[in-house]
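Report on the following structure.
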Amino acid sequence: MDYFAVVLLEILYMIAFLALTSAGLAVVFGMMRVINLAHGEFVMVGGYTTIACYRAGIDLWFAMLVVAPLVVGVLGLIIERLVIRHLYGRMIDTMLATWGLSLLIVGLVTLIFGNSAVSVQAPISSYEIGQYQMGGYNLFIIAVAALLMIVLWLVMRFTRLGLVARGAMQNRDVAASLGYNPGRIYMWTFTVGAALSGLAGGVLAPLTGLLPSVGSSYIAKAFITVITGGAAIITGTLSSSLLFGTVNQIVSFASMPVVGEIAMLTLAIILLRLMPQGITGRFFKNSA
Amino acid sequence: MSISSNFGTGRTNWLGFALATLGLLVAPAVFDVNTMTVLLIWSLFALSLGLMWGYAGILSFGHAAYFGLGAYTFAVASMNIGESTVPLLLAMLIPALLAAVIGAMMFYGRISDVYMGVITLVVTLIMFKFINSTAGDAYRIGDARLGGFNGIPAFPVLNVPGDPELQIYGIGLYYVVAAALLLCYLLCRWVLASWFGRVLIGIRENEARVELLGYSAPLYKTAVFTLCAAMAGLAGCLFASWAEIVTPGLFSLGQSAEVIIFTIVGGLGTLVGPILGAIGLGMLKLLLGEQTLIDNSLLLGAILVLVVLLLPSGIVPTFLRWRQRRGAMLAARSKAGSARRRRRSQGEGA
Amino acid sequence: MSVSRRQFLGSLSSVALGSMLPVADSLAQGAPIKVGSVLDNSGNLDIYGKPMVMATTLAVEEINAAGGLLGRKLQPIQYDTQSDIALYTKFAQQLVRQDKVDVVHGGITSASREAIRQTFTRANTLYFYNVLYEGGVCDRNIVVTGSTPAQAVEPIMDVAMKQWGKKVYILAADYNYGQITAKWIAHYAKERGGSVAKTDFFALDVSDFGSTIAKIQQEKPSFVISALVGGAHMSFYRQWAASGMNKKIPLASTTFGVGNEHLALSPAEGDGILIAGNYSQESTDAANKDFLARWSKRFNDTKIVHEIAVSQYQGIMLWAECVRKAGSLKREDMLKAIESGVSIVGPGGTVTIDPKTHHAALDIKVMEVKNQKLTVKSTVKQRPPLDTARYCDLQKNPKENKQFEVNV
Amino acid sequence: MSDTVVETHDLSVRFGGVHAVNSVNFRLEERELRCLIGPNGAGKSTFFKCLTGQVAVGHNDGRVRIRGQDVTGWRPYDIVRLGVGIKTQTPSVMNGLTVEENLWLSARRVHPREAVRDVVQAVIAQMSLEGIARRQLGELAHGQRQLVEIGIVLAQHPWLILLDEPAAGITHAEADRLVEIIHQVNQKATIVVVDHDMQFVRSLGGRVTVLHQGAVLREGPVDEVLADQKVREVYIGSRAK
């Protein structure tokens, strides 16, 4: 029976992992139709910031939940002002520019931090379910992911900021005609998206070994999760994370992690083929 | 942006083609043969993407899937058969078959380009993850062990058709690759000038209208997708013969991104663009390899960002537009000049 | 596949274009001896490659400072392959054709070695592969100074099974290193009356081990042994500690520490892991102390020195010793010297070339991780490359050029 | 009685709760010129799109037959291959290509290679497009693009032509010219025109079908229908509201 509980917790962890790592990308893609291929590197920089602060003596929780999102948010702001701003409406050029940026960031981090793996110990001890030892930190990640999704949903649904953001998302010109400056909205959206990626990097730092090149492993899964999720940021990302997380872990338990990942990717193709506009293109049509 | 008439593809510049052929013939005396060979292979790979994306508007994030599949098919087939002619054909046929299936699924499913980009990306990722996990000795096709992350080394390379003993490598391989590139360029030119090619260009311009003319857009797009996959397979097979090893890295995200960068920096909507992009950036990547001071990804990333911001439509189209504008400017000045002369002469005459 | 290759167009056109005139062998006195190297100085494998590039530079500078070899200075020619196999082939050809180097030290993964080995064998350029690997390569043109599974696995299995028990759970990287090492682990376990609960293979980019840790707990092995490789697999050790398993089931590894993983993990997470290898920074031999001093004078950061950086350094020193013994760079003299059993004392202890297999007999240390240090528990002196010796005898058949699949 | 060329049987289309087309029975004879008129939102365009296949008609939402062939649910591409020419409401042309190239692509699908050049020149003459034959469509004015799109349709010599608001955005002179062309083509081809420009419809002549809230209100010769009290109410009524 407790083996079943362990499997369930692992599934929840995977869903949380996918939701967390793709939240930043979902906000940017969902709102601005901009595909940020440097998203993986933003997550990586979030991790490095957390570790650098921890080494400098700053409390790990503070570093992870506050400093990392702030630093990566500022990085996102700079990048948006220097590069992305000139490329709105040109999807392919934005992808190419952000691909260049990701290579640039990997190079910079390698210069600054060198290339040996860095990381920090998980601050929460383990606990037992029956005869199984489980990582306590996984629960923390599930909690953060759930909290993040709820907060984002509330902001989008009920606040004026959310309304304006959704308006700009639907139709940039209409939002402009109502006096909202789309340029400013996009600037803040990209910054928030980057901050979310930083948060994901910070929170995940204690669980994965960090290397400058680790970003590439995040981008593929996040990209597929967001696109399959469809236009609506929260419900889209959540529903695709739910589906992919479950399939990935169940198959991983049944056979091997690599088979789990292949199963997830195959499911992505089937979903995209059946629902060309993504899950929320068909179901929960007008949700946030 | 039509460079000249003829459906925006411009007349085949036969003089330029002859010069290029001559250049390729002489190059081995000047440049290192080995480097030139791999640059031309990357050019052929970029040409296949350039035709599909630049002229038919089909964006594929996973074009490396067919490049890798061509390489692996050749390696496995040549290890089992020993003689390279059939493996060469298989290396084009099997990627074409896969592309036909995936293309039909996507195009008849009327999928928009962003989602098409994702599906093609996912296909490559699946192949990468599968091939990467075939290290166990259970994974073998005939005598060829797939070898997972280590890839398949030391398979018989291309040989002169009919004589397995006469293997082609070094300068011999260079000429075979150069010939393949020139032939494929001519094939692309012929396709674009043909009725089939013009319908493709029509599809890129306005797919709905082309359908309302009674052309089945999905059929045409699947056909060109399959043709380009075969060409990428050929490039993969030549690469396998050059590198004498095939590894899962051929299917990687990096390989797909690289060919996209070559094509865009070179210039979409032209055939020469992707080729020059591949040669230029390919050479840069190799030169970067010879120094260990600056981190390579830093440099390549910086170059990429600058090109996107400063030369958005790629090098070749920018050059062509500049030449066109310069031509127009000269014409204007000469017209003004002759007008002045005429006025002066009338002034004197009147 | 016939080994002899007649080059079809090559001979015809090269005469016509004269681009590759046979250059007289530049043995003129004073011309520098060219030492080539192909390593991943950037990209995913740079955690292994960068320290190896530094080790190469240090070794060449030290030999030059001591007057070079045969009265000639060494000239290093280093290429960065950016973790891309295509560049390995390209730069290997460049080293042979353009630079015409006298020896090559390079290649990190087995894939990169196999991509370039034939090029050097065809061009009769001596090739040193200085990285621990899965064993079995039998080629007169190559010298391997890295350890093979039989050398490192048996000592660690001895100590682990005595200490912890008979039931083993194996985790291995899913490529031929992991596959073959797993076979050797199973072999030595059965030899000592033990049993293998389960063997799991992981592709190099897998970083989520949640389901695996749960399965291990289900099997309840007496200890887990890992042959995981690379940055992504680092997260196994992290998640293993995060779930508190490092207190419940002991862990051994044939590759842990090679990429300085013990420095990345905190003491609480890393302590107790048992590993076996040729080198530990904490070894108290004079050669090691002196080596670290020279390294820190040159690069002032000894933290990044790890097993394969030391192997690269030892490989170059071993090659230099062979040149001194051979008295010339001609291939026959060098092969005679190599097969006369040259040995040196390096930071990892005595390194002796075994004439039959061209592999190195090494001092294997069984070490335990204790607050980010590799404390040596026991040493097995001059452990021979038993696995390759089963199949490979280059003195009996020098024409051999194959990697044997060690089936155990 | 000349045979029926186009026929719809209880055709209806619902978008959510709204009945855009409400079980319409429509018949069209060989070489007839029919105008579909009605106030905005009467379902003219939706009905038109059912004929062209742009709106997928559900299996139990009635039948559409062209020359006896049941084409319900067919894609536009299949319907066009039956020899039907379609001009959509918003001009749909290939902006990056020249007028000649647009016409070439259209003609080539129907005519053999040798005949294409003459067909293209004939259409250019017929539509008096000589001046802009080499210009890119993207650079032309709206009215010109409308005329080129009609040329594109004619280049395939279709026997049935479906035109959705061909007169929208063109000058009076161009409209008169268009009426002439439509009458000329009507000698050999059946034509359906959807429009709400009364002046244009009256000058076209031919029979008229008035659609109101998705159903056929009145059908008959143009003068009779335009004089009908109910039709005027529907038009004035909708405008007065």
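Think of it as A, B, C and D in the order they're written, each chain with its own count starting at 1.
Definition applied: a residue touches a chain if its C-beta (ideal position, glycine included) is under 8 Å from a C-beta of that chain, and two chains touch if they have at least 3 such contacts.
All figures in this text were calculated on a predicted structure; none of them were measured in a lab.
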- request: Provide the labels of all chains in contact with subunit A and in contact with subunit C.
  value: B
- prompt: Which pair, A-B or B-C, has more C-beta contacts?
  reply: B-C
Rounded Å distance between subunit A and subunit B, as computed from the means of their C-alpha atoms: 33
Task: Express in whole angstrom the distance between the two chain centres, defined as the mean CA positions of subunit A and subunit D.
output: 50
- prompt: Cα centroid separation between subunit C and subunit D, in whole Å?
  reply: 76
- prompt: CA centre of subunit B versus CA centre of subunit C: separation in Å?
  reply: 38
Statement: Note: subunit A residues in touch with at least two other chains are 110, 256, 258, 261
Where subunit B touches two or more other chains, by residue: 129, 132-133, 254, 295-297
Field: Residues of subunit C touching at least two other chains
entry: 42-43, 174, 201, 203, 205
- prompt: Every touching chain pair, please?
  reply: A-B, A-C, B-C, B-D
- line: Touching subunit A in the complex, subunit C uses residues 42-44, 46-47, 50, 174, 200-203, 205-212, 214-215, 217-218, 231-235, 237-239, 241-245, 248, 259-261, 263-266, 268-269, 303-304
Message: For a test of understanding, state which residues of subunit B touch subunit A in their complex under the given definition.
response: 59, 105-106, 109-112, 114-115, 118-119, 121-123, 125-126, 129-130, 132-133, 253-254, 257, 260-261, 264, 294-305, 308-309, 312
Field: Contact footprint of subunit B on subunit C as seen in their complex
entry: 1-2, 5-10, 13-14, 17-20, 41-43, 53, 78-82, 84-87, 89-91, 93-94, 97-98, 109-111, 114-115, 118-119, 173-176, 178-179, 201, 203-205, 405
- line: Contacts from subunit B onto subunit C in the complex sit at residues 28-29, 32-35, 38, 79, 82, 129, 132-133, 135-137, 147-151, 153-156, 159-160, 164-172, 175, 239, 242-245, 247, 249, 254, 285-286, 288-292, 295-297
Message: Which stretch or stretches of subunit A touch subunit B in the complex?
response: 35, 83, 86-87, 90-93, 96-97, 99-108, 110-111, 216, 219-220, 223-224, 227-228, 256, 258-259, 261-262, 265-266, 268-269, 272-273, 276-278
